[in-house]
């Protein structure tokens, strides 16, 4: 059988990569995709734990997370489209009309 | 079967690296789809066939399509070098995250060890079993997500439509 | 005769099955193009292919050779990786879903039970949907990577159409799933065995789901035509507006791959329709053992053929929709109808159970 | 356990009524003639009032619902009423604003209602997955609301920033939930507490700490504590002012409720997690108060100033949560009510004063307002004084109770830091007042008379501020006697 720690490590690596991407990427869409990567890491953790614990609850949580991710994607991409209409750019550095 | 986990785990990590380090958004999106597919296979191996399919149908087949469509629509091209001064977070963030990763890894390792198998008595994870649980114990979250989806639909229309 | 262990046997069996099915499918697709040209020609009072071989029977071969040896032209500005990837993705997705489609009952050979199906998943139908939903990428990416105006528009249109109709497609089959209570295709077919009992005059009819879910079938098949981008829903390729849609910039072998995947998709959705609504391979079965193995496969192929013929017939008869009409039809008519079907089905089922 | 009965539905009646009215508003939108869209606002307010009545009624049916995922107790009831108050005031304050700036009405009201539904589910649920879904409903609605002026650059930017950082935070929160689930096998907060208290060996302490920290990071983004406050100023400044009034209070109140339920309710009782929770809260309380107040000193934009002030207030509330226990909890709940009244009042008044398309939001635009419009200047002054914590306003007692609870919990150092901070904060609140009364020259802000609905909302918040400022003991007594199992 696959050790739980290996699955969790995979999950943590994906989560960290997503978080790192969130910080270093500059394109809004890529940044958003990094968030999706993080959510997937969470899902993997849920599935891994669901394997170890009695009951299917962990699998159901993944189901809910996927639904939420879909809702978030719809709204997020709409926001990004509106951003592009206003500025003709997707670079996150350009989102700076308000400064200290 | 275990070997499949490691193969697809490596695929997922490589593809995730590619999501983060590709400079063209379409390549990032394609890499993310690879991650999703690899995870779907891993879910299958971990005894979650229904979730694996939902992952492919909803995540890879609908959400990521939306991403790809938006990228195509906005013609998001190559990401240039940062025009602004190097942001503080960009220098501090990755080392912090690396520390987090190592810390987390060590703790997980300590807790579950090298060999602590991720197995419980084989569960009936068929769609029927999931459905039963969903409509009995989790009926409220299930119903409430419909409000969430309604909000999302409303929001997409409000924000993206040129004229209401 | 050497004896094999179970694992070895399983491996060999699977490889042989895959090879055989691929071969048959590719041939079938080749001849489907011939059939299409012939039928359309006859509908339009023409001869169709006639010169290469008797009744043009060797025409598909000639076409294949032509595609193989034609010069492969790629646009200069095309994205190199994705431009290559798209057709192969289309091909992969089109042929992957065949893996879970059962086409006959099982038989025993040298003490091993052999199922006429590459693999039997308990979420078989979901697998088909999963793979079909990934098919959108090939279209979207082909359109984008060509870096040209018409393919991009065609790709956008086509992917929007495909994801829109996917919803109705799945809504159409949910009625059947509610009745069957399983997602395994083999199981669903087995539940349709026999004739209707206590149905008076209708007792001669087989117990196909079609009679329980006529609306579901109509929704499914309408959506399936749109999903495979066929007339009257072939807007993505509307020649008059978009040249040839997403594959305008593709030529020679890569074009052939797109072409083949389209036909493979037709076969897949027809096969699903057969399995879910028309009792799959079930039919009169008699005679010696080998005949009882062969006959179901024959019934299955026959039913499949009827669907494919219907596809071609529709193409020869109906005009093309306008794009906004197509989207309105999908979202404002087919989708509510699908929901209504589910609602009615669930009410009837609840009533019968109580 | 698993079957759903009418009692289950009664216990979520306020949320149900709000959802129905949100749908009603959306359905009435297309049939309402163009000039009469404010009617929809009144429909929404009717929904809020009905939901309020329902929440008073369900106080008589305490207990859990839907497989123990919803708890209808004094805590959730109070917070739902508070959320409804916020929603009502914001709705009243936004009708004239939408009319003036020619913004679409229907969806706006529906989104406010849905955001309130989400927040209400957050405060009422004891199941982390339900908390998560409520959080997402309220967050996604507010992302949309922040970018509601879709053609306007600042509104759009506000929405982009809020969305990206909000989703980022949600991922952390969710990862925390995953680990809590992995360690305890459940996501029900009560069961989590029992499992961890009864068998502390079942979970490795380090992994538990990580879970706690991850969940804290997620919630800290929502309540904007340092260092997770970076989005706050931009988002508050860019969003339409009535929306800012809403998102600086309602989601914050809900997130604080979850913080209390999770950290005071569940993890504080766990021996191995208690100290981690304590120091997390302690450090972020100090950082948040200091940074919020210091940064506010340099602000010239009123919305931005109030954004930093709201960060500082989050810091004060964290002091109460750090103190913990029944006293800390009731102090925080009291604070939330006061904070909501003054912040909503201030933002909707500023929304009015700022003129069409919010042209005048700088402090110097308000110079000499007292001479021109003495009534409005007086109202704004009261809000500022209350935010600063002057006696006889609710701000004073809010701070007083929180600091008192901290003293009782022997957090002398924290209390002193908090006191120093509130002294500093007086400076920037008074700067605005000084500008209004003593500034030379004519005011830029030249808005016509106050619309009736807005006037009513402001009157309600002023009344609340003075009532709670003069007679705080009644509410506090009620809050002290909340019957919650985990206190």
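Letters A, B, C and D mark the chains in the order given here, with residues in each chain numbered from 1 onward.
Just so it is clear, a residue touches a chain if its C-beta (ideal position, glycine included) is under 8 Å from a C-beta of that chain, and two chains touch if they have at least 3 such contacts.
Computed from a predicted structure; not experimentally measured.
Interface comparison, A-D against B-C: more C-beta pairs in contact at A-D. Chain centres here are Cα means. That of subunit A falls 25 Å from that of subunit D.
Centre-to-centre separation between subunit A and subunit C, using Cα means, comes to 34 Å. Centre-to-centre separation between subunit B and subunit C, using Cα means, comes to 29 Å. Chain centres here are Cα averages; for subunit A and subunit B they lie 6 Å apart. In subunit A, the residues that touch at least two other chains are 18-19, 32, 48, 52-55, 57, 64, 68, 71-72, 75, 79-80, 82, 96.
In subunit C, no residue touches at least two other chains. Residue positions of subunit D touching 2 or more other chains: 129, 133, 136, 140, 143-144, 147, 150, 159. By the contact rule set out at the top, the touching chain pairs are A-B, A-D, B-C, B-D. Interface residues of subunit D facing subunit A in the complex, by the touch rule stated above, are 129, 132-133, 136, 140, 143-144, 147, 150-154, 156-161, 163-164, 167-168, 171, 174-175, 177-179, 181-182, 185-187, 233-234, 237-238, 298, 304.
Note for the complex: subunit A touches subunit D at residues 15, 18-19, 22, 28, 31-32, 35, 38-39, 41-42, 45-46, 48-49, 52-55, 57-58, 61, 64-65, 68, 71-72, 75-76, 79-80, 82-83, 85-87, 92, 95-98, 100. Chain contact summary for the complex, subunit B toward subunit D: residues 103-104, 107-108, 110-111, 136-141, 144-145, 147-148, 150-152, 154-155, 157-159, 164. Interface residues of subunit B, counted against subunit C in their complex, comprise 26-27, 30, 33, 49-50, 53-54, 56-57, 60-62, 65, 68-69, 71-73, 126-128.
Those residues of subunit D that touch subunit B in the complex are listed here as 2-4, 8, 12, 19, 23, 26, 65-67, 69-70, 104, 107, 110-111, 114, 117-118, 121, 127, 129-130, 133-134, 136-137, 140-141, 143-144, 147-148, 150, 159, 204, 206-207, 210.
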